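Next up: the structures, one after another.
In the two assemblies presented below, subunit A is common to both, partnered first by subunit B and then by subunit C.
Then we have the complex of A and B:
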């Protein structure tokens, strides 16, 4: 029983990080029909911004995190939209997808060139200690990761449903033409989603990198897992991305413990195939119809 | 075409052809500059570079400068084979590397057929049992290190049960097979056998399995990055240990990556930059000054490999003869009196296996502390 609870908490903690990244996928898709295949590298990069802050500028950890957040929001939010998405979007989704794949390679190789191919140590948010819950020793780090991720998701939901800007963003996601007729600045709302995505991936980076260590290849796994999570949950629903991420994290951990660690990567892909065959819109997604 | 234009074209062609002049002696490093064990490959490469710079500054080997080429295997056996073919086409005197045992296995036959001596960093036990007369280790094979660590588990830790976590590649499988044999001979029971993947990043489930085993000791056998991630996850989940391992678990890179989580780790190290030997300390200082980081055992392996090539060529063979080089290496002992940069007395047997003194160590306060020096097996 203790094993199961420990695996569940560890899985939820990892799954919550997948969920943060997957939410970014869904937000960008809903507002701008952008599929960002550099999303994994977007998680890898802020960790190196933090390391640059601590290593090159001599900042302590939290000021470096603040600096990395600002840089990420500018580079991965504002500049990504202005320099990559806006010019490519006019040519359709496919050229943009290819552009983001190219961007992923560029980020990866740039980090390798600048910081080297070795992994780098990255400090955890809290010390490695355990707490006892119902007689079971659980990792405090996992609980904190889970708590921060939940808090971030709740804050995002409150923002989207409880503020005027959030509701405008939702309106743009549902029908940009009508939103524009109602006087909503659609372009600005789309920009906000890119900035929010940049903030989410920065948070994911701060939480996952102490476990993965900072390495230029980190984005490969993260991007793939988050993409699968978004599809499983429903690519057009934020709550679908949350469910998909958590489900994937838990299943991945249980599969590694009780089935096979060699085939753990195959399990999410199997689930993906089943979901695509049985419920193509994802577990919580809605069917999208298009006029042809 | 004028004479000056012709000279320009010829010199450009020479540069494009590789940059090495006809009088240079070609050494090629085929190693893991990127990929999952880039940490090890990078250290090995930098050790080579340091030695090459020193030797060239002192006049080279037999008065010929070393022209060093670097070929990246990307920790991928397929790429390693194509890079090896490229190296063979360049007609090198000696090949250094690879480090990854799987890559060594994938390329050794090609180098053997081309009769090119290769000084490898791979530690999988079987590599020296495959009859390659041109293969020479730069560090212990697992069959040398595992009996020492098994004795340590029995005699020092007094452990009756062991939980093992290992990486599922040639290096890990070789280590696991050797360890299991040694544990069985000492009546130590294996209570968990957790296989992990090379490049794996999330070890939460694996550590839960280790915890459930409740063993007297936890043996961690993986590459440096994975060792660090395992230790971080183990501490995160409150796994108590004691944690035991061979060289990689106690390497400087693992300690750097694992941070506080590495404290208390114990085990056997074949080579270490923290060895209480003045020549090693001098090498470590030089390396750190040149590359701005502390080397691990792979840095020493790369450095001493180049000096072994220099010593054998200059003092034993007297010319650049690959066949004679390989023949001379078998059964050879190089002492620090013969060649100071060999750092520690080293012997190669008839299979290319290496013998040196080795060390028992513990990580204390983020530093590797040598607790005991073990003699050469041949003494």
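Then we have the complex of A and C:
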């Protein structure tokens, strides 16, 4: 019983991080039909921004995090949109997919070239202690990760549904043409989603890197897991990404513990294939109309 | 078409062919090995160009098929089977598996399809790595023999290079014939406007599956040549990286252009060897080239060349982005031909 609870909490914690990354993924898709194949690398990179801050500039941890957040929002949000997504909007979905694959390789190789191929330790947000809840020892780190992720998601939801800007963004996602007719600056709203995505991946990087260490290959599976989470939940819903992420984290942890650690990776992939074949709109998603 | 570009293309082709035939006499064994690898990878990329470039179905599973072909050949030839039987078996099994993998493409498109095929590739890789009783796990299978052709041993690097080159020539001719046949036109119709193709009576379901199966079959053939070329097969080369690399070869060359795989494989296989002194920066430069190319000209290097040779007036003959004209035409023609 204690084992199961520990696995569940650890699974929910990593799942919550997948959800953060997946939310960014779905936001970009909803507002600008951008499929970001480099999303995993977007999570890998801010961790190295932090390490550069602490290592080269001698900052302490939190100022380095602040610096990394600013750099990420500028590079992975603003520049990514202006330099790559904007000029490619008119080419359709596929060239953008390929451009982001190229971008992923570029980030990966750049980190390997300038920071080395070894995994780097990364300072955790809280010390690695355990707390006892109902007689079960749980890692404090997992609980803090879970709490921070939930707080971030709730804040995002409040922003999207509670503020004027947030509602304008939702309107743009639902129907950009009508949104434009109503006088909403659609372009600026799209830019906001890119900035939010950059902030989300930075948060995810700070939460997940202490667990898996900072390594240039981290993006490969992170991006895949984020996509699987988005697909399980439903690509056109923020809610779906949350459910998908949590579900994936828990399933992944239990599969590794009880089924086979060698085939751990296979289970999310099989789930992905089954969901795409049986229910491509996801568990919570709506069916999108096809244009002829 | 004005005679200029066509003559230019002819001259370039002749020079390329002359270079490929004479090259083994100028290069050391390692150079010949790299050239043979280029030929093998070009075959895999030709397969992917059929699936992606002509039929418009994205696939990130080509490395899995190269792997399946390579493992079948390695497993059976080391047990004494004749090369040709394993070669055929590799091609046919990949064709069959590719056909099955095509079914998701009937339901979903674009990025969904990309991730489903990606998942398939990773699953196959996990099987290669974990099923030690069959594949030897991470230790792989070594001492894969090279075949004899009509009593001639293909053991030397030069002989095996010509063996690969001959296969490349055969595959190219077959593909050239295929894309000019009604099938090829149906593929293009599928890419340009599947709804319209369907309404004109093209059996889009069958052609989608066929596009996947043919692409996969060529992947299998490429793998069947890879195993005796390297003479060692292990799981690592067939991970997702190769699939992405093959996709980039096709796209950098110019998805949907006949010669795209040749050019793309050159950029991805030969250039890194010549630019070895640049070390890790080569890959960074290559990745940047891909991004810039997609921003400037999504129809690839050949699309760019076509645009330079034929400025304005005529739009590039088969670029993915710029032609809704070719699609319906092709569909009508294929209707007429059937």
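The working rule: the second predicted complex is superposed on the first by the 292 of 292 C-alpha atoms of A that agree within 3 Å, B and C clash if a C-alpha of one lies under 4 Å from a C-alpha of the other, contacts with A are read in each partner's own complex, and residues count from 1 in each chain.
We adopt the following convention: contacts are C-beta pairs under 8 Å (C-beta built on N, C-alpha and C of every residue); 3 or more make two chains touch, one makes a residue touch a chain.
The model shown is predicted, which means the values in this text are computed figures rather than measured ones.
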Fit-or-clash call for subunit B and subunit C when the two complexes are aligned on subunit A = fit
Which superposed partner A:274 touches (first subunit B, second subunit C, both, neither) = neither
Please work out whether A:178 is in contact with subunit B alone, subunit C alone, both, or neither, and reply first, second, both or neither.
-> neither
Could you read off the angle at the CA centre of subunit A, spanning the centres of subunit B and subunit C, to the nearest 10°?
-> 70
Which of subunit B and subunit C A:262 touches, first, second, both or neither = both
Examine A:212 and indicate which partner it touches, taking first as subunit B and second as subunit C; both and neither are also allowed.
-> first
Which holds for A:87: it touches subunit B only (first), subunit C only (second), both, or neither?
-> second
Go through the superposed model and pick first if A:98 touches only subunit B, second if only subunit C, both, or neither.
-> second
Have a look at where A:112 lands relative to subunit B and subunit C in the superposition and call it first, second, both or neither.
-> both
Using the superposition on chain A described above, determine whether A:74 touches subunit B (first), subunit C (second), both, or neither.
-> neither
Report for A:154: first if it touches subunit B alone, second if subunit C alone, otherwise both or neither.
-> neither
After superposing the two complexes, the shortest C-alpha distance between subunit B and subunit C, in Å, is 5
The intersection of the subunit A residues contacting subunit B with those contacting subunit C is 112, 262
Using the touch rule from the top, collect the residues of subunit B that touch subunit A in their complex.
-> 33-35, 38-39, 42, 168, 194-197, 199-202, 204-206, 208-209, 211-212, 225, 228-229, 232-233, 235-238, 253, 256-261
Sites on subunit A touched by subunit C in the complex | 35, 37, 83-84, 87-88, 91-99, 101-106, 109-110, 112-113, 220, 224, 227-228, 231, 262-263, 265-266, 269-270, 272-273, 276-277, 280, 292
Mind listing the subunit C positions that touch subunit A in their complex?
-> 58, 103-104, 107-108, 110-112, 114-116, 118-120, 122-123, 126, 129-130, 195, 240, 244, 247-248, 251, 279-281, 283-284, 286-291, 294-295, 298, 320-321
Report the residues of subunit A in contact with subunit B in the complex, numbered from low to high.
-> 3, 6-7, 10-11, 13-14, 112, 116-121, 123-124, 128-130, 137, 139-142, 210-213, 215, 217-218, 221, 252-254, 256-257, 261-262, 264
